[in-house]
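Several structures are given next for inspection.
Same chain, two partners: chain A is paired with chain B first, then with chain C.
Moving on, here comes the complex of A and B:
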């Protein structure tokens, strides 16, 4: 009799296997990868560095040469959309990182230490989240001035509350677990317990939240730019949609179409990815 | 007499609750000797786990607090040691095994990783390779087959008994002086229990550490301990060496406990069908009676026990044994 030997797999191996097995997820990962590639290429100037160049007539209709037509200044809408992808992805990434750093730090401090620290941070979090987010975004944008940096800052400073709440809750749940007590019993200090023991156990929440935050930030950037508070001087899906207000009356639909389609696809892909990540990483949902 | 490594004196631990302050451990004294096992027996809520946790200074504070007493490890009061230094003692000199092997290992790390962590904390001179080697060695020592492979497994791939072996490997990795085992076999089934106890005994003989065995199972006590302290309502009610305790219990509570162990031999009397029990309930720690804490369940309680004579003191009866009773059994 021979027992087949099984290599032990970590949670991440399991999660990867489960992600790989779902076609929709792989497809979404492909889309996200494609967007990231475009953003990187555009960022490094390999493509669309000449997006502002006039390549034809004002409001030229879609053709085989210019797939989504031209805008008021005769610039290629495809190039603009690609350039805007760079903006959108950078906003997603940077606000996502902001959220993770602020949310995880404050959440773990509040949850782990409790007491006065917890009271203060919870008060702070309630205050921030009681202000309607769009109002907060607008006021920060007004204070910090318009521009891309403001978008990062305002989204980063407002969007950590959800993750904070989750992480705080998980830390409260985990800090009394026996394995944490066992970690104390072998001589581990607070820092070690927070980062080495509890954090890896709640990391899946961070990852899921990051993927959802990413697409939320993209949408928010579009809204801010649409309202004229966002990116200046470079194309953004929001400003493209804003431009379309005047264009639609003339029957120029392509700028609106390109921006909306680009945004919809990436947001949808991130949503699907976020869902699959949750299924793959949250042990409570395993085997569903 | 063996070397005394731990000396606990007048330990009082209090917990603040919404309904007031309760004294979970009330004036406990005991000693642990090198190479010997001290059993602390008692039912749930008698304060045995709290006693063990306070030796490690693991009482959650607040709400808990060591209100009085001394815990001297090799002459140094553990309660006065600054927390940084305490960390170098925990896991290194005094180690602990917990009741629930299913939950006391971190689920996201391999077991090897977790044994190595103890070494990383306390034996900083070891290199990464040496740590890895030692963790395999520890797993072999606790009787885990093919440790080279097992060391890379996660806790969920192991059974309860295996995990408890890993816990033991972790706690013994730095060859501690004292091992505190808080109900190490309660969550395991009986055959595994026997294996784990045997393993602990064997390792004790090899390493010579003192063990504090916390349990509510008198069978475990009989098998593993040299000395026994019986706890009731946060106090030690009887302390004796294991043989004397079982053959000649002096406290009515101890006697009740021993009588309520199921026995295979039914020749002793006609009414052996029903297992004797200790009637009544443990009094609430919020509302302890005046006099002896055991009075409401005691068969020999007199007016003296219920009255104003105060609590009975833990007094020596004969040599080497102590009883807290006004009417010790003869």
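Moving on, here comes the complex of A and C:
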């Protein structure tokens, strides 16, 4: 009698099945994909390369031709919003990667090696997280000067602490497990054990954190723009919202509306995605 | 280990962390930063003017002495004078703390009760449409930039409807109330999303514990279980979460204060950023770090006091 061989599913297969079965999650993934597409098209110059062109009167009201009206220089708000999508997605992506690189490197070093290295890194972590993030963010952004690079740098340098703590904890839990001992027994070195064995087992934390970091960065860009430390020369949702300080009193709501709506949809999608990823990838937290 | 030696040991660990905080602040403002005298004197300053100013600000001392100055200020709470207003910084902070607190303190208390009530309610009806809807609204509220709440709130409720003062502040007990009402409401709306989500999660955690099942099998009503058992136990987590927020109350809200013209510490920080007033930013960074560290220790101690299951390590 032959037993039908059934391939066992990995954590990732299970997670993917669970993500696929939830309509909200699929919808959120679609939204993120759509934003990514717009960002890519705008980045490569296929769309809205002429966002800076004057297409009508200053503060022209929304019409069938210009769905969200025009800004102070008569530029189309829709085109600006699309161009700003590119900026927002790049801010999310780059600061997310920044956070992952710093958080995972320091976290795994501290958790894996322990001892003096751990003590030093934990001290460093405690020091950085003692200063309220907004203070540190402002300080670094202030010193680095205006511009997009400052947004990446200041957010990246201040947001890694949460991931560090999680990764360090996971490495401490994993490093004495049987599978790591087995790797030691067959002669696996530290690098191999860290990258090949332990890291894939804590990767889900990185992914969840990345998705939440992405939306946090997009939201923080607005605050940096308000402080005058944000993006210069290209439209961003932050500068568009910030412009509304002067516009609202004149009844010009469209720029604020377009930027807020564009931002809300993608941040909401990332929030929902982050929650579903946590449910799908971290079985311990199921149902929370 | 008894509580006294635990607290002492924790407080000792504050020293290296505080030295680290000073080092970071020193690194940012004394080493990496571009020369502040150039932005203070403008482009047309002569070389001797710059040198003179550097001398008087103590910027031509050797770096290690500048670091010692930063450390000394953190331990003596003497941060010197502001570069732009020439006032004593500690004096400015004392003046700014009260307006900040008139906004954040009532907002903090109110939002605590509002968020706990909402999360009790949705945890009670967990899994229902009401619960899911509330969680979704919370996430949606969190997805809008805080700047939008402030802008739209100020424009619509204060400017258009004239329900509140648009901006400004008056000192003295009843006089400040009209100025802080709208900021308080905005502060609450900003906090309600994340708070309800967090409280609901820990409440649901408790609801699947064995003691709840026991209580239910004893025949206790759901209301009694909710208020007498679940709420009491979740309070441990809630209190520790809330206590960690207290340092931020004094710091105020940077955006809210600057928009509504409230002369608090948050607004002071923004002004300092705009005028390159390094000593003020440094002082606020160091002080807020000290407050965070102290309240961290306090939270851990509180945790041990309210929850006998937690062991000191």
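To be clear about the criterion, the second predicted complex is superposed on the first by the 279 of 288 C-alpha atoms of A that agree within 3 Å, B and C clash if a C-alpha of one lies under 4 Å from a C-alpha of the other, contacts with A are read in each partner's own complex, and residues count from 1 in each chain.
We adopt the following convention: contacts are C-beta pairs under 8 Å (C-beta built on N, C-alpha and C of every residue); 3 or more make two chains touch, one makes a residue touch a chain.
What you see is a predicted model, and the numbers here were worked out from it, not measured in a lab.
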Combined model on chain A: chain C and chain B, fit or clash: fit
Touched partner set for A:200, first chain B, second chain C, both or neither: first
Partner chain(s) touched by A:78 [first = chain B, second = chain C, both, neither]: neither
Which superposed partner A:109 touches (first chain B, second chain C, both, neither): neither
Broader residue contact with chain A after superposition on the shared chain, chain B or chain C: C
Contacts of A:121 with chain B and chain C, given as first, second, both or neither: neither
Which superposed partner A:267 touches (first chain B, second chain C, both, neither): second
Minimal inter-chain CA distance - chain C and chain B, angstrom: 13
Shared contact residues on chain A - chain B and chain C: none
Residues of chain B touching chain A in the complex: 56, 58, 87-92, 95-96, 98-100, 103-110, 117-118, 121-122, 149, 152-154, 157, 167, 170-171
Of all residues in chain C, those that touch chain A in their complex: 16-17, 20-21, 23-25, 28-29, 32-34, 139-140, 142-148, 151-152, 155, 159, 201, 204-205, 247-248, 251, 254-255, 269-270, 273-274, 281, 284-285, 288-289, 292-293, 296
Chain B contact footprint on chain A (complex, rising order): 5, 8, 10-11, 177-179, 181-189, 196-197, 200-201
Partner chain C, residues of chain A touching it in the complex: 123-124, 126-132, 134-136, 138-140, 142-143, 145, 215, 219, 222-223, 226-228, 237-238, 241-242, 244-245, 248-249, 256, 260, 263-265, 267-268, 271-272, 275, 287-288
